[in-house]
Each structure stands twice: as C-alpha cells, then as structure tokens.
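A, B, C, D, E, F and G are the chain letters, set down in written order, and residue numbers restart from 1 in every chain.
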Amino acid sequence: MTDRRRINGPVGATIPLVFEDVEDYEQVATKAARSRAPNAVRKMYLKTGVTPSASGSAYLEIETSGKGGVSGLKLSCTVYGPRSLPRSSPFSPHIILSTHVKYAPFATKQRRGYLRDPAERDLGSHLEAALRGAIIADRWPKSGVDIIVSIIEGDQDRETSKTQGDEAWDIMNALSGCITVASAALADAGIDCVDTVAGGVAALVRDTADSSPSIVVDPIPSEHEKILASCCVAYLPTRNEVTNLWYKGDLPASDMELYTKLVEKGIQASTNANRVLLECLGETVN
Amino acid sequence: MAASTEPEAALSVLPRADGSATYAHAGYTVMGSVNGPIEASRRDEHPYEAHVDVIVRPAAGVGGTRERHLESILQSSLSQLILVKNFPRQLIQIVLQIEATPENDYVNTKLVQASLNFPVVPALLQTAILALLSAAVPMRETAASTVVAVVPQGAKRLLVDPVPRDLEAAHSVHVLAFTSQDELLLAESEGDFTVKEWDEVYEAAKEICCRPRTLDEENDVGPDLRHFLRTTLEEKVAEDLYWK
Amino acid sequence: MATAQPLYVLPGDTIDPSLIPTHKKLPLRLGPGLRHIPPSAIVPTVAGQLVADHKKNSMWVEYNGGRYIPAPNDLVIGQIQRSAADFYFMNLTPFTSNATLPQLAFEGATKKNRPQLASGALVYARVVLANRHMDPELECVSSSTGKAEGLGPLTGGMAFDVSLGLARRLLMARSREEGKVEILELLGAEGLAFETAVGRNGKVWVGSDSAKTIILVGRALRETDDGKLDVDQQKKLAKRLIREMK
Amino acid sequence: MASSSSIALPGQLLGPASKFQPGPGTHIHQSNLYSSLLGVVHISQPAKAPGPTKRLTKITPAPAPAELPTVSVSRSGVSEKREVLPEVGNTVLCRVIRITPRQAVVAILICGDTVLHAEWQGLIRVQDVRATEKDKVKIYESFRPGDIVRAEVISLGDQANFYLSTARNELGVLLATSEAGNNMFPVNWKEYQDPETGVSEPRKVARPY
Amino acid sequence: MPLDTSAYSLALLRVDGRRWNELRRMHAQIRTQAAADGSSYLEMGHTKVMCVVTGPSEPGPRRSAVGASGGTGVGGGSGEAAQAEVAVSIVIAGFSSVDRKRTARGDKRILEMQSTISNALAGSLHTHLYPHSAINISLHVLSQDGSLLAALINAATLACVDAGIPMTDYVAACTAGSTSTYAAGDEAADPLLDLNQQEEQELPGLTVATLGESDRVAVLVCESRVQVSRLEGMLAVAVDGCKQVREILDRVVRDKGRRMVQEGTIEKGVGVNDMEID
Amino acid sequence: MPREIEPSLNEKQFVLQALQEKFRLDGRQFDQYRPLELTFGDQYGVADVAFGKTKILAKASAEVTVPYADRPLDGVFAIATELSPMASPAFEVNRPTETEVLLSRLLEKTVRRSGALDTESLCLVAGQKCWSIRVDVHVLSHDGNLIDTACFAVVAALRHFRKPDTSVEGGILTVYTPAEREPVPLSWLHSPFCVTWSFYGDRGEIAVLDATWTEEQIRVASCTISLNRHGEICQISKLGGTPVEAVALLQCTSIALTKAKDFSVFLDKKLAEDTKKRNIGGFMAELRSENDR
Amino acid sequence: MASTQHALLSPAELAYLHAALSLTPPIRPDGRSPAQFRPLVAETGILPGTNGSARICFADGTEAIVGVKAEVERTRGGYEGEIVEGGGAEEVVTDVNDEEKKGESDWVEMTVEIPGLRDDDATTAFLGAMISEALLADGGFSRRLWINRRFHWKLYLDILLISPPLSYPLPLLSLTTHLALLATRLPRLKSEGDEDPFFDDDWAAARYLYPRNKKDGKTTARPPVTLLVMAVGNNIIFDPAKEELAVADVALAVSIGEDATTAATATGDDASLMMDVDSTTAAAAITSARNLRLLSIRTIDPPSRLTPSGVPNATNTAYGAATTQKQPEARTAEAEAVEGVWRAPRGGAKPLVMAALVHKVLEKGGIADEVLDALHAVDLG
C-alpha cells in the first residue's frame, strides 16, 4: 500500500554512514559513570495547560545526564474529551479510554516511521493500564477520552554506537514519563481520578564486570555497564496502590528480596515524580 | 502558441452520471462527472447545507498530496458557486479525471513529484462548472478561470496559459478565477513576485475572464471564456429542448 | 409557447424585468430553476430556456437532465427497500436517501389489513410531502377521495429508465401536442397490447402479457429518448420496430 | 479537613463520610471522602426540608442522610474548560440538526449553566414533543433544523443520544429561522412569523418567561 | 529446475511416484475443536489446512467487503440481507511455505481466494434460511504443497457440514494439470490429477470444484497459459477427481457420525487426541 | 457510503423470463457484444474503449526506477485499477471493493502472468536501473462487463505506447527525451483478451456475453476466459456461484476463442490506422522541433 | 488488552462470582482448585515443514498452533576483515569464549495471529511483546542462535490462535510457544570456524535448540513460560477463565525461565560441554531443585474495571430515589459500597498483594514448579 499522505523519498535511498572518530570512541569506552546518588532522580520540569485547543494537556521534561550529547526526555500529552462516543460504538457504562503513544521521527537514534510500530502500541497499552486504574470511569457513561502522548526526545544516548545500549531499557524511562505527564493532563482536563498517578523506574545495574550489582532509581542505561533487571511502576501515593507494574530482566527466582527491593525503589521514584506533579497542579490553580 | 487555441468541450458525455463534461484547453483534457444531490455518508454529512465532494484523479499514478491540495482549492471555490443551502445533509460529488496534460518534449517526467501544478486548475474548474450545469445543480452563478505566469524576459512578461517550458522559466505562477458577476473567486500564487506584478496579473486575468470580446478584435489575450461557456450551454439546451 | 426565439439563461444571469409576467390578481409563481432574491430580483439557478406563462402568471426555466428532486404531487415509481413498523422505505433514484410510504396510505388499508409488499417491489405513488429538511413522503391513495386512482403496487412488467425530460413530456396532459411525444400511442395504434405507468423520477413501467411487446416498447422509448426523435421520426421508428417484430 | 473554598487535588482527603455527603467531584474510599478533581472545594449546608421538589405523584423514600452538609469539588474558577454530562432532569439548550417523522435529532449546546465543549447528541421523539394530543404531533410542524430549543433530559437514552422532552409550556423552540433564512418571532403557542416575508411557520413554541 | 517430463512419458510415473490419475494421500477429520460451531482439519499430500466455522450468527462489524458474499449477486447489506452472508477469512501461516514468508492480509490473491470460497459455498449452503445473519468461515493454512485452493474448499465444506448448516450437497474440489509446459504445443500431452507444488509451478493446471456427484462446476480456476485443446482433458480428469474427493469427504463425515452415535452422545471436542499427524 | 441498489423484483423476474424466451432487453443475441469503440489519444499509450455505455480509459506510462531485489533482470510492470466514484458513487476512493480486487486480479493474471509484456526487455542496468511500466485503468462509465472492457483497453494502450529511447555506453545510461529521439514501442509477445460469460437459471443453463449492469446484477454465476489469437488460454476464472455443466463451459471456451480472435483483428486494424495517421503528424512534429531548436 | 473482550455478565452474576472466588477456599465456576491449570491436550512436531512446532487445545476449546522456522542470516558488521587476513578457517577456529557469542534481539522475529483482530491491534502487540520480551530477557536465548562470527540463525516464530479468543489467550499462546521451542531443532553445523556455514542435511542428526541429555531425553534449560495469575479478595487464582478475570482485583502475567546452570545458558550449542552439565542437572531436576529465573512481569488490565456496576435500591432512580439535587454537575450519586451489590473496582493493587502473587508463583513447589513438572511430562515426539 503506497503512502498517499506524504511525499516520501525515492526508492533505493541509502542510510548515511556514521563514523565514530577516536575520542568519541574513547568517550564511549570510558563510560560517563552515574554521578547521582543511587536514590536520586533527575530533575524534571512539568507544566499543564500547554495546548489551549485540547481539553487538557501537559509537558514534561527530564534533564539530560551530566554527559554531553545525551538527550533527556521530552514529552507532551494532550487529552481530548470527555466527549460522546462515535455512533458506531455500543453503549458503555464507563468512559472509554484510548491512549496513543508516538515517538517523533527524530526522537530516537534510529528514525521512527509515521505509523505506530509495535513497541509504541505496547507502550500505549501499558499507559492505558496505568491510567485506567486512576480514573473513576463510571463518572462518564457513554463517553470517551483520547490521550495522546508524543515523545519528542527519547532519553537515549546518541553518542553510543548502535551495538551498545538496548532500546528495551530506554523504553522503561519513556513509559514512566508518559504516565506522569498523562496524569497531569487528565487532572487538567477535569476527569475524575481517585488519585494522581505517577511513574517511576528502578533498575538493578552492574557498573563493572566484576562489581556487585546495585539498585538505582531513574537509571540511564548508557551510564551502566550492564542492566540486569529494571521495573517501571505506576503508583497512587495516597491510596498506596500500584496501577501498573512492568518488570523485565533476569533475576534468580530464589531470592524475592531483590525483586521486592526493586519494586520498592520504583515506588520511591514514582513518589518523587508525584511530588513534582502535585506542585505543578497546585500552581495551575493559583 | 497554445494560448491562442480555443477551448473545446462536450456535455453529458457519461450516460450513467447525473451530469458530466469533457473540457480540453491548452493541452489539458479533463473528464468531469457530477452526481448529486445524493445521500452523504454520516462522516461528511452537514446538517444545514450540502457537502461538496471534489475528487481529482491524475491521468497516471496514484493521487497524492498534490491532488488533495487541488481538491481543497476547488472544493472551496465550487461551494461558493453551488447553492448548498438548498440540499442540507446531501452530497454533491464531483469527480475530475485528468486525461491528458501538455507534455514537455524536452524533459522526461517522473510520476510522483512534490510540485503543485496550478496550470491544471482552470481546466479542472471549467470542467467542474460545465458538469454541474449539465447536472442541473442549482448554482448562484458561474465562473471562469485562467493561469498567468510571470516570466523573466521575452516579448511580454506575463504569459497566459503558459506551456510547460514557459513554466520552467517562470518566476511565479498565478491561477485566478472570476465569477460571472466579475467578483474574484479564487487566487492562488506560487513563486516570488511583487505586489505590482500581482496587480498586473490580476488585470490580465480579469481581462480574459470578464471582458466580453468584440467579434473583430484578433484574439491574442486568450479565449473569451464566458462567451465560450454560454454558447456551449445554449447548444446543449437547444438540443435537449428540441421538442419545444 | 409563442416566444419568437427561445431565451437561454445561465445561473446568475439578470433577467430583463420586461420578461417577468405581471398580473392583476394572481401572485407571481416561480417554477423550477429560478430563485427570488428579495426585494424583487429573480435569478436563474440552472442553465436552460426561460419560459413565462402570462395567463397563469408563472415563469420557470425549462431544462433536461440532472437528478430527480421530489416535489409535492409528482407521480413517481418507487422501489421498496425495506419495511419498518408502519412505513415502507422507498427508493426513488439510486444513492438518494429513502422516501417513506406509510403502510396505511393505500386504498382501504387499515391497521388490521394492510398490503404486504416484499422489498424490491415497485410501487406507483404520489409525493405528498417534500421539503429539504426531511425525506420525502409518498402515498398510494388520494387523501381527498380515498381512492387509489391508479396508484399502488406494479405487478409484473418491466421498468425502463428514461430522461427526466421525456418523463415530464409523457406526463403532460396533452403530451402529443405540448410534449411532442406520441410513440406510445403509435405503438398502441399498431395493435400492441400494453399498459404503462410513468414516473416523474425518470422511470416508465410497461406491462404486457408478451415479453416481446414489453421489450419493444422499452426500446422504442429508449431510442426516442436517446435519438431525440421528433414526431415524424417517432412514426418511422414505430413502423420499423413493428416490422422487426414480425 | 478542608475549609470551604480551598483548593483540592485528586486524591486529597476532604473528610470522613460520616460528616459529609459526597457531592460532585468527590468520591468515597474506605469511608472517607476524597477529591476526585483538581478544583475548588465547596461545602453547602443542606437546604431545610429537602423533600421531593416535583412529581409528588411518586413515592420517594426520604433521602437518608440529607441533614449532612454536602462537600463538592468544582472546576469553576480553575479552568473555563469544564465539561458536564447532561443528567436526567437537567434543562438544556440545543440546536436541531435533523428531523424525521418520528423524531428530531439535536445537538446539546448548554446544560444547566454550563456551556458544553463536546458535542452531545439528543433526541426529541414525537411522543415527547408536547403533553397533550400526542398522536396529532407532527415533527415537521414542531421543529426545523437550525432552531434553538429548550428541553429537559428525560433519560440517558441509547449509546448515542440523550432523550429529551419539550412537553411543558416553557419548553420548546426559543429561536427559529424561516425558510427564507430570517430570524422569526413567536406569534402564538404554535407559530413563528418571518418579519420580512410575513410568512408564518408552525413550531412548538416555548413560552417566554 | 524444469520437471523431467521425458521420464514421465517413459515410466508413466510422476515425481512423487504417482500415476497420472492418482490422488495424493488425503486425510481429514471434523469436530477438531470444541469451541467452534463447526471445524475441520484436512490434508492433501503435504498441504494441510484447518477450518473453523462460527454461525449462523448475528453479523458482526463487517471488516472488508471482500470475501463476503450474500449468496446471489450483490447480496448482503447492513442487515437487509434476505440470506445469510458467508464471510471467509484465510490466514496463511508464515511457516507454511518452504522458505518462510509473511503474507499480508491485504494480499489480493488471498482476497480472491476468500471471495471464491465464499461464493462457491454460498451456491450450495441454504443461506436463505438465515436472513440477516452471518456464517464466518476462518481458514488456516499450516503447510503448502500445491492444490491450496482445492484443499481450502474441501476443508470449508467439511466444517460447514460439522456446523450443521443445511446445504444442497458437498462442494468438493481438486486440481488437474497437463504434462509438458504450454510452450511445447504437443497434443500428446497427458492430463494429471491433483498437482503438488512442484508440478503446479512447472506445468499448466487448473482447480475445479463440483457440486456433489454431478458434473456441474462451481469453481474453475486456471492461472497458467495452456492450449485450448488441452482444457477438455484436464477438466474431465479434474471433475472425476472431485467425485473421488467427495467420496472421501463423505466417508469422513459418516465415520465421525457413526463414532458419535456409538459414544451415544453428541459431545463436542474429541478431535484432538485421535488426531494422528504424520 | 451509499450502496448500489439491487434491481426491482419486476426487473429481476422480467429479465429472466425474457432470457428464457431468448430475448435480451436491448435485442442483442446471447453471444453478441455491444458495439465496440476504440479511440487512441494524441499522446502515446492512451486508449479509450467503450462497449455500449461502459467506457474505460487506459493510460500507459513509463519511468526509470530500481528493479526489485529478488529479480534484478526484470523491469517493473504494474496495472493499477482504482475505481473512482465516477463509475458509480458506490465506489469510494482508497477503499477497494470486491469488484475492484477481482478486476485487478483478472488483469494481473491475463496480461501480466501470461507474459504478454516481455519484462526482461525493460531491464536497463542489471540490478540498478530498469523501466517501470504502469497502466492506469480509469472506469469512466460503468454499465456492466468492466472486465472485458478494461482488459481490451489495457492491451490497446500498451500496444500503442512508446517509451523513451535509451542507450547504455560504458555503464552510463542515457534516456533520450522525445525531442532527441522518437520513443520506441514495448517488446510485446502476445495479446490476450478477456471474454466474460454470465449465467442464468437455477442450473446456470443460460449463458450470455457482455452483460449490461442490470444483467450482471441478476446473474447467478459468471466465468471469465482469457485467450489470445493463437488459441492459448491465459486464464479462466469461475469464482463460485451457481454450478454450471462442465460441457457448457467447454462450449463457452470455444466461442470465447472466436471472440478473442475478432478483438485481435479489430485492434490490429485500429493500430494500423493510427500509425498511418501519426506518420503525417510525426513529420510535422519533426519540423516543429527543428524550428524550436 | 484483556479489556478487548468483555465477558457479558450482569452485575448480579459478577457479584456472585466475586463472592464465590473470595471464599476460602475459593469456588471456581469450573470447580478447579486455585492453582489448577485448565486441562489441555498438547502435541509437538505436528508440522514436518518447520524446525519446530506445537499445538495445544484447552478443554474449553481454545486452540493454538506455533511454528518455528530458522534461516541462516549474515550477522551485521560480521568480522569480514579477520577472514580476509586470516585467509581461512584455521586461523579463527580458536574457540570463541561465551562473552563473544553475543546475540542480537532482532535475531528473533515473532508474529501473533488472532482471528478477528487486525495484526496491528493493541492486544496482538501486547501479547507479542510479552512473549518475546520473556524470551529475550537475557542474552541467553539469542546466543543459542550464534553460528559463528559472521553468521547466525534467524528464528521466526509464528503464533496462531486457531479458535476465537474465548478466554484471555496469553497462557495458551505462551505454553504452545514453549513447547514449540523445546521441539525446535537446527541442522548440525558441518563447517568450521567463521567460514560460510554448511550443514548436515540429515534431519536425524539435527540438534535441539534446547539440548537434552541422552539418558532421559529430558531437557534441562527450558524456554520461558508466561503464567497468568489474579487475585480476588485474599485469594490467588491461577490460569483464570474469562469470567473469573471479569471480577479480578488485579491480574499479573509472570514470565519465568529455567536454567540448567548459569554456565549452561551460555553454551547452548556446545555438545561436549553439555554432556556433563546435563548429568549434573538431570540429577538436580529430579529433586526439582530448579534454577528458576524471573524474566518479566506485566500488569494485565483486568476487564473487571469495565463491568457495569450494580445500583443499590437506595439510589436507584427507578425506585424514585432522590435525583433532584439541582446541581448542574450532579453526577451519578456517589455512595459507600453496598454489600452484595457489584461495584467495578477502582484504583490499583496494594504492592503487598502484587508481591504475594509473584511469590506464590516463584516459591519452591509453587505454581511455577507445578507447571514445569507438568510440561516435563509432555512427551516431545
């Protein structure tokens, strides 16, 4: 099926070669080790009501790590609704949530297409799960709300060559950002929620081949030699409830300790994000 | 050269459409069909007026962004002419099939290219209007349209109905349309030009679209579109009402 | 009409006031193809021949072609699409929204016994209500007399499509004199046994025991229409077709 | 404990459910009242004798804890963008979109005192147009597309539409446009008139206050 | 590599050792899946397909107009259909072909097969008994070795029988070909029955589906260039093949029926364990 | 999206009755086509074909492109059949209907797979450059039998088409503009034509050629046979519908062959006429281009 | 996700289900014990055309087929240079240590087909991601596909749900994939070192992707399985059916893997090394001292949130309850949860509950063990 919506380049286009010159290579070789304390999250900036045309909106930015050339995370979320469902859809006693997460074509190392790829759809369903737990769905029967998060900058180390770092880990950060920014936008749109949900990430990392693994919050994959496991938590502080948990990695099942700690740290990261969220919401009112 | 040729048209050429017309001028040939008022799909149903749906199809290759743009231009102009309020919730569907475009013997053309082509607009608009008249869709008034190119030098700086080679040389290209009440209906420009140039263009275009020609004047400004439209229609009506 | 040479108009043309009929008592009646812009301007909306009837103090634009737009009291041939609780949904022209035909709008129809018509059946009906806000409404019984007056389901036979112009001419009170169409009479005179029902929406229904006859009438109509035949040519056509049939 | 007219955030504790009645923008969690919106907290003391306001024909159980003050969180003042869902009993202003012999389809513009941003669609069925002589009602003689109508929500309706009624005197067409396209004025309970052409058209006219 | 047809003319044996009028091993069973209203599994040689039928049931949201025929002509329409709509969807597993490839759902070849099967069955099924409803036939291709369309039609027929949808008679299908490619215009070319992948690629052939024991052809698809003179031969062989196939299908159904009677109950979902696959 | 309405019961019954009495509405024989019209455009590769009220315009075009990786020695050849609402409001843009899919499949099988066009001749530089030949089929008016009409139009357009002349010296590819060198025809191997039968009756015993739209809506089955004048079948498709006796199908095929031969003759004649006409025009063109230089 | 297919249950039914499942011990509609898998019929190697295949039928009729195909693919940025100057295999045949055998995640391509769902549907994407992420959780799996420095196996997994998705298909698809991978065999490599690989075309000689020891033919290392667990009240329920999921407070998908030993994961295809490793772990396996790995956890959005809530009579307008507060924003009255009236759950789950779920899966003799034992029982033809 030919793309009729935009004018694409000619067939047989070639990707330009990227040459790693020497000092870059060394830079990579000698990793910018994590400068923050294991429990410290990066600074984040959050603002609501950035898109006047939308019912609710928010913008989130997370600072880049100390090392140059590493992009931080930049997200914008727009919420449309509550509004009536399309005629085709059947009666629903609840508000119908539809979440879209899309990377901007330039947001990551490899250029993203215009159509959502499986990874983005997957993010979308994670986000949906996280929010569905937070909103009071039966307040809005037979209505729907669209939540669109666009990832403008993907929190990736562009300096590292293709072979290093695995997108899989970056996505965790992206998701936690999506959750927080969407939560702010929902509040801005005046959609009833039981609490303000926010996302947080913690990871079990190994900094050198021989060093013992340690748990850090808000990890930047490129800062660590290897990530053994990572988890992203969507957490409701006042209710002390988790609406979405996403863990992946490779831990021995024998000690649950490690796992529980990891989640705890994730929750901690989320509560940090939540503090920022509440501040930001407070401002919008005054 | 091509500019001086008279346009040709035929009405109600498609037996199964409500109205149809072919129009050929300046190397362009367009087939147009009109169906309506018919039931509009829920999607583009307008509660208080008819939805005018224009579909432009290239002779070769799939329609793309360029066609969509042409469609939007025509859609807005034609909605002005048609008495849309008469048919709320209805659809008036206009399909314009480009059959031939003037060929430039000096370059090999690619199918998909990211350029507008304004010069085709007059042909499309004229065809649409003829087809609408043949479909007896109630209209406020009719219109005439032309293309003017501003070329760097040469005998005259303004070229009416320019051929492809002129367009390559042109600094700017303008398409304008005037209603039968001499009102400006459509003006789209491309390229860089001064306000003064545009004024000249405007005058030249208005000359062609609006000023009735006297029989004796040798026709160098281009065809008398209005007269052409009237005569074409009169022939058609006379033929239809042969029994009167 | 006694007009010297016909006056052709295009949409938006200004009509010379002298052409607008004036009458002492009757208000001016505007027919199809004209619109009144207050206070006094009258402007054509279609291309056609401007016709004025001074006796009736009315004027309209005569034209052929386009899609049928329902008007009250038109006789039409509709096709039943589906039936709802107490309506039939009728199709008058392809791709237009359905017209409604109340199931009680038949001669002698009551809540108890009403005609059961399958979808796809043809019905000869009159337009009762037609306005731009609603789908047209039809009836098969005269509200005044309560009689069918020839309206109702059309059984058997065949429906042919003709141009709106021809349909209109066939429906004229004096179609032969005004409409200059007598092909049907001619064929009848040649001894063909058939009945017809003409719908303003460009449909002519022909019924007969012999399929041959129906086909022949159909062809006669089509050729008259497509070939734009005048009365003499119609005579010739009739002769030719009859000959072919033998 | 939230003092009146302070700001609340979603999930913020407002007070025990035993002391307050939950109003809009709040929810109950483990017998405590929490805010569910970002907005301003209002505490309204109960109106005395809160009994049923109308339809005394119905038997209604005495609203149990009516004596408690109602706490609610409202968006007003926080953002002009506030959306509400039309509720049974609300009076709404709507514009007629489409009419059929059975019903008039309308777009609800204003619900109570709130201007709606989203388009909620409503339905006035022929039997809900007026209270008397229901069988004689003709939609075409009651509404025309473009009219502005005041109506009351009688049911949440089906998936797409709210069901509305104009079966009261003060309900019906408020603003009507003539076929000629002019604004008309009401002449009696079932007619509007075009000032320019002088033609009058039938409508279900709302009695002006 | 072109087939060595000379070898054939000598030994009169085909690449897989069959004679000209021999079907490949055909194995089928019904009621393979408890969840479905009707289901079947069918092998023609190494071509293996599965079919699941749901319905007649309320028509769901129509996905694509393609491959959904409402019996005669432009049938169907939103709930106005006088007869049930037969909707067919074919999923070709990526691993079904020798070199793994993914076939897009929009593939016109698949759409064509869908509408063919739909129209073929609509000709036999008594769809007029189920107005305003849909019969959904979903086919899965697990392994391809020629005669795919034929296999799909047979599987669909079985599944419809299993679903208990009234039908005039079995729609049975098979393929036939002709030795030596079209280029060699020799009239001596012999017809072949039931082509496998290799033969299908090298030789002209056609797919035929007939209704019951009659010679009436429901489906005739020929996608290769071939002399008109050879059509008759191939058609004759194919029609005869269809009759053999019909016998096999009929046996499958009867055996199953008998077994169910023995078990005394018509309980569903036995298929799996007694489904030996080789 | 408005859908095509079915013919009324009266029409269905009558058409069938008439057919049983050996009549067609327009008085044709069962195996008789409507009058065939073919006109070529001023430009190369434009064919306008009409069977009665069915009108189809086919336009062939060529451009240089990169060959597919899996077949570096072949050119690209595509037939685009997108039905626009011009044919009927029932067709929507970008939403292929069953009709459209089957039509394009048939043309694909008849013209492309049967190797009518020698795609290897389109290769310019192996694996790097090749011609992409494209035929766009535009249905202007739809009164039944799109398939036969479209197929005829496509074949006509391709045989009439001229692609720019090219030369490769030392791996350098030059594509000459029409002004520099007269365009050259495609290397064409054989001309297949579609002949579509429509069947009527409970056992499909009545077979009719070139059905009109009304007739098509009423038929119970159809079978399209594609042949060239050498008596080669290029494709047969009877895609379901009411079963038809095998013998009847064989008869249909032999009649179809004669029709295909007629078409072939007709097309050759038209092409000859057109070239004669052009030679004069071609000469004029020479002069003009002289002057322009 | 789960919410795409609703179980059409009335509030009353939901209330009953919820109550029944909250009892201790819970009463499940189909009478299973909390940790009991639905009975299933499984078979492998059904498709000779593939490198590995499996088919599973649950008793409720849901059925899935998985086929695995492997193709040799040139590794991106393969060490061409070495080959050139090495001039042959000998030079580079020097055994490569495991760290060098690094696998790329894109060596595995997985597609999920669910009838009636478009393949870009969220459910499909979610399921696909879940199964593949478990598979690729560590480099271990893709490392098995390593042929030499220049070439690797590209593995295509096609997961087909044959039946209409009656219940949430995750467990079915995961188990089927698991079996298919167990049954997957790759031709034996004949070539040496980094030369262009050629293989022994004798299928009998082909070796398993997950090697087994010669004694009992049991594998040691195993592909991951994803288990669906949910919590209702204080009960943890395993492999829930659709209607059970409809009243879940929380549902998790937990992926676990089993390693022979950490060493074994690294050397998936070194037979000599495998042998002794096997003997040790085969012994270990009997004492079910498994080396379980926790690979991935995902919250499954339970459809319970989208179920219609019941209306207590007190607030039921039908019973003329007071809906006459004339506030424009008055919404459906908010009230305390009433006993016996179904209320769609709000909010999330307590972290402790989630931890409990995971623990229940992983603990010794826990669900994971049971399942793996069951899978051991499945005979691999």
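For the reader, a short list of remarks on this structure follows.
We take it that a contact is a pair of C-beta atoms (placed from the backbone, for glycine too) under 8 Å apart; a residue touches a chain by one contact, two chains touch by 3 or more.
Everything quoted here is computed from the prediction, not taken from an experiment.
Graph distance from subunit B to subunit D, where chains that touch are one step apart, equals 1. Looking at A-G and B-F side by side, the one with more C-beta contacts is A-G.
Note on chain placement: the centre of subunit D and the centre of subunit G lie 51 Å apart, centres being C-alpha means. Centroids built from CA atoms put subunit E at 60 Å from subunit D. Averaged Cα coordinates give subunit A a centre that lies 49 Å from the centre of subunit E. For subunit F, the set of residues touching two or more other chains reads 2, 4, 6, 89. The set of subunit G residues that touch two or more partner chains comprises 331, 346-347.
The multi-chain contact residues of subunit D, meaning those touching 2 or more other chains, are 25, 27, 29, 82, 85, 98, 145. Chain contact summary for the complex, subunit A toward subunit G: residues 92-94, 116, 118-119, 121-122, 124-126, 128-129, 132-134, 136-139, 141, 163, 166, 168, 194-195, 229, 231, 234-236, 239-254, 256, 259-260, 263-264, 267. Within the complex formed with subunit C, the subunit F residues making contact are 2, 4-15, 17-18, 21, 23, 25-27, 89-90. Against subunit E, in their complex, subunit F makes its touches with residues 3-4, 6, 96-98, 101-102, 104-105, 108-109, 113-115, 203-204, 216-221, 223, 227, 231-247, 249-250, 253-254, 257. Those residues of subunit D that touch subunit B in the complex are listed here as 97-98, 145-146, 181. Across the complex, subunit E meets subunit G through its residues 32-36, 46, 48, 50, 52, 54, 60, 89, 91, 93-96, 98-100, 102, 105, 138, 140, 142-143, 268-269, 271-273, 275, 277.
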